[in-house]
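For reference, the structure I am asking about is given below.
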Amino acid sequence: MSDRDPERPDAKGDAPSEDAAKSPGGDDGAEAGGEAPQEDAAQAEAAAKAKAEAVAQAKAAAAEKARLAREAKAREEAAKPAWERDPATPEWEDADDPLARALKEELGEALLSARTYAGDLTLGVERGAVRELARSLKERHGFRLILDVCGVDYPDRDPRFEVVYHVYDIQTDRRVRFKVEVGEDEEVPSVVSVWRGADWPEREVWDMFGVRFAEHPDMTRILMWEGFEGHPLRKDFPVEGIDTGSAIYPEYYEDEAGPVAGTGTGWKPQPPPTTDE
Amino acid sequence: MSGLLAAMLEATGPTLFHYVLVPLIKIAIVLFAGVLPLIMYLVLAERKVLGFMQARVGPNRVGLWGLLQPIADVMKLLVKEDVVPRRAVRWAFVLGPCLVVAPAFVIFSVIPFGPPAATEGGISWFVTDINVALLMVLALATLPVYGIILGGWGSNSKFSLLGGLRSAAQMISYEVPQGFALVGPLLLAGTMSLVGIVEAQRDLGMWFIVPQFVAFFVFLVAGVAESNRNPFDLPEAESELVAGFHTEYTGIRFALFFLGEYANMIVVSSVAVTLFLGGWLRPFPSVEALSFLDLSFLPAGLGGVVWFSLKLFVFLFVYIWFRGTFPRYRFDQLMALGWKWMIPLALVNLFLTGLVKVWV
Amino acid sequence: MTDATDSRQPGDHLFDVEEMELNFGPQHPATHGVLRLKLKIDGERIVGCYPIIGYLHRGTEKLFELHPFFQNVPHTDRMDYVAAATNNLAYVGAVEKLVGLTVPPRADWIRTILCELQRISSHLLWLATHAIDIGAMTPFFYTFREREVILDLFEEYCGARLTLNCMRPGGQPYDLPVGWVEKCRAFCEEFPERIEEYEGLLTENRIWKRRTIGVGVLDPEVALDYGVTGPMLRGSGIGYDVRKARPYAAYDQVEFDVPVRHNGDTYDRYLVRMEEMRQANRIVLQGLEKLPEGPLMAKRPRVMKAPKEGESYYSVEGPKGEIGFYIVGQGKPEPYRCHVRAPSFINLQALPDMVEGALMADLVAVIGTTDIVLGEVDR
């Protein structure tokens, strides 16, 4: 981690400018920016007086000074314990991993990507090949424990949803995440036949995002009730909820005037429904 | 007091006096001065004792040491709304609790709390002494199960129904070993009168618990099961069946079930004390050196009553102790225990007792 | 049965039988909240069990998307509300991993201590309710006596007893108060005796053994297949424990054993959890011993922003199993998506498998041994 730190500003690409403005973590960036006007002034002076060499010298000296300062700061920074340094934000890296290579061989084009973030291997897989990948992971590579299945909604992207799976290998303590992109009216092959533990999480993804899983034994809502309309974790679902009063108790609530819709006064006082004796 | 009694004897004539008036007075005393307060304070005692077993204090807000708590409880139960579920079978729902309480109270009429009158016209410490008392106890002890089944079925609730069914199965299983266990002392005493059985123990010179230890053990277990107490409280197992047969009951009807459970505890304890622990007798009734234990300085055989009460309390304490200690049996295990252990044990005991009786 | 032709097969019931459908919950003393089970029962025997959940669904995952990283910590308290500290740690760990923060050692140790105290308190609550489900009333009060002490310690540390909110991304918000270490040590030194007391009531109790041995058996293969973790998995003979497998906080610097038992029944899970309490106690004592001096909070931006593209999954060993947070960042100060891998939710899947063919009484024992918290199941 410490060897990556000094070169961080370059590697970060466009991130530091934002960082520098908002966070105290952007110290070096700010300092480097402070150097520039000085240089500009020196250059203007040099142009006027035509002392190009001196300017070049001054510039070199300034650059050298800045470099030294930066290095000193980096050394100082590296000498500090990790928690006093700026946060070392991890990045996506292409994975050079035997598992990824083996899977690439097995799945070919269906394995879209293999990257790591903060040390976690993340595989992108084509929608049709999910079950194949799952079976391979479980049977050939020993990932016998499914940790989780969850969805992510990206309204701006074209296949709108992403379904993310986490699996774990108990023997070697390895965790792998694989993702599949799925559009609004498309189905993902269910992996329940591979890991039964995917049953409820997949139902939850259907419930919360409206992503259906093909060949799931019981593709019903799990957290919301049957008859609920909408999928709450989609980004376009209102946070304050929707009115369900009139859907559940049409005899008690006016349309769109249930307790959630804001008014809370849609209550139609009525005698309780009489059950047959 | 005696003057008043004499005046009443004068007024009513001996037949009416001895067979109607005196029993009525005794029943009133036993019920309202004996059993009901005992039940009320048994509840309090249970809560207190459990409290001490469980690192807490129990009720201590109503009155000194919570002594008025039972009264508050009774008031609460009485004034609560009496709800009969709309779909319940009304007659069964209403009859259930009565059938649980009434037989338990009737049994008290034959329990000898103390010795019979030492002199003609003196005070006998029981309502009546009939020669089939034991049979009557057995018969009446069977009745509450009908109340529970009726209540469970009549509530029209699945949990209640399951509770009722459990109760039926349990009672039938434990009725049998309990009956067999009672035959042991019966054989030894040669009489079914409870007073007669206690006197037989005095004549034998020891409590029947000594020769009939196995029977006593069987009776104790079966008795706990009969009164639906831990670890056999399956019919009302709270965590499984919500409250079992009395899930739907409120107010006074619930209070009756509650009363019935505690009355049953006292009945079973009293019968056990009478049959196995020598009733009103002191320990080692034949050892002359211990005769001071008779407490004969107390008037009118009150010493016997003290002894009876002491033994009764020990029994009731055991009940509470069980509740503080044991988890609950499972239904099939309870049945297995009853049929595979209790009944054979009771039968073997009966057989041996018979052999002894024939050949010794 | 007036019909003369008899179509019964051998093994059929002698009489016409009807399976009864029974709604177990959501209001029922033994469901530990608002779990609803649709049971098909034949007499007392369960022939079908279908869990229906969602009665406590509060949309926590949606709420996570609204609030900045710091403000989300209290939401995690309210999921597994009897083990808030481990939830906190899983969440702040995921955030730290996402933005690359390193936590100072003192904070790590304090987190370890808090989590292990939380594990003890959660297991105590489990023991209390499990025992009372099986009909043993007394352990309830004993365990609550000790749980009270732990909650008092929490209260002294962070001001709350249940919903602790005691961690922040980057470190710990407060140092341990004066005298806390001594109080905690006094408790930990006394606690093993208390465990003996509970075990004295239950472990060798014949009724307890008959009620738990062979009940709700979960084979290791089945357990793995269902994704079951935590004491449930360790009771089935698989010693997977996040604390050992991927040590977090200060767990790589403490000594402790992971109890594993092999029968996979309710009794074994009971023993595993009892032993876990002892081990947790051991970890707390070591933590109090080794607690280093130093800063509590890492250097962190005032407004913590997620990287433009980034996601992290971070899991810790909660009292119920592996609790993990999957956070997707999109360059905003709040998570773009925050998913919780709730151990209760996953473990509950195995319930129908464990109870089918068992009796009603076993059902409550199995629910108890699954150790679910509905706040976490429904989130």
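Chains here go by letter, A, B and C, matching the order in which they are written, and residues are numbered from 1 within each.
Methods note: contacts are C-beta pairs under 8 Å (C-beta built on N, C-alpha and C of every residue); 3 or more make two chains touch, one makes a residue touch a chain.
In this text, all values refer to a predicted model and were calculated from it rather than measured experimentally.
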Chain closest to the middle, measuring from C-alpha centroids that were averaged per chain: C
Chain of greatest Cα-centre distance to subunit A: B
Gap in Å, rounded to a whole number, between the CA centres of subunit C and subunit B: 45
Averaged-CA centre spacing for the pair subunit C and subunit A, given as whole angstrom: 26
Centroid spacing, where centroids are CA-atom means, of subunit A and subunit B in whole angstrom: 70
In the complex with subunit B, residue positions of subunit C that touch it: 20, 22, 28-30, 43-44, 131-138, 140-142, 145, 201-202, 205, 207-208, 210-211, 359-364
Subunit C-facing residues of subunit A, complex: 15, 18-19, 22-25, 81-92, 117-118, 120, 122, 144-148, 150, 152-153, 164, 166, 170, 173, 175, 177, 195-201, 204, 208, 221-225, 232-233, 237, 239, 241
Residue ranges of subunit C in contact with subunit A within the complex: 53-54, 57, 59, 61-63, 66, 97-104, 171, 224-229, 238, 240, 245-246, 295, 297-303, 305, 307-313, 315, 322, 324, 326, 328, 336-337, 339, 341, 345-346, 348-349, 378-379
Subunit C-facing residues of subunit B, complex: 50, 53-56, 158-159, 162, 165-166, 230-231, 233-234, 237-242, 323-333
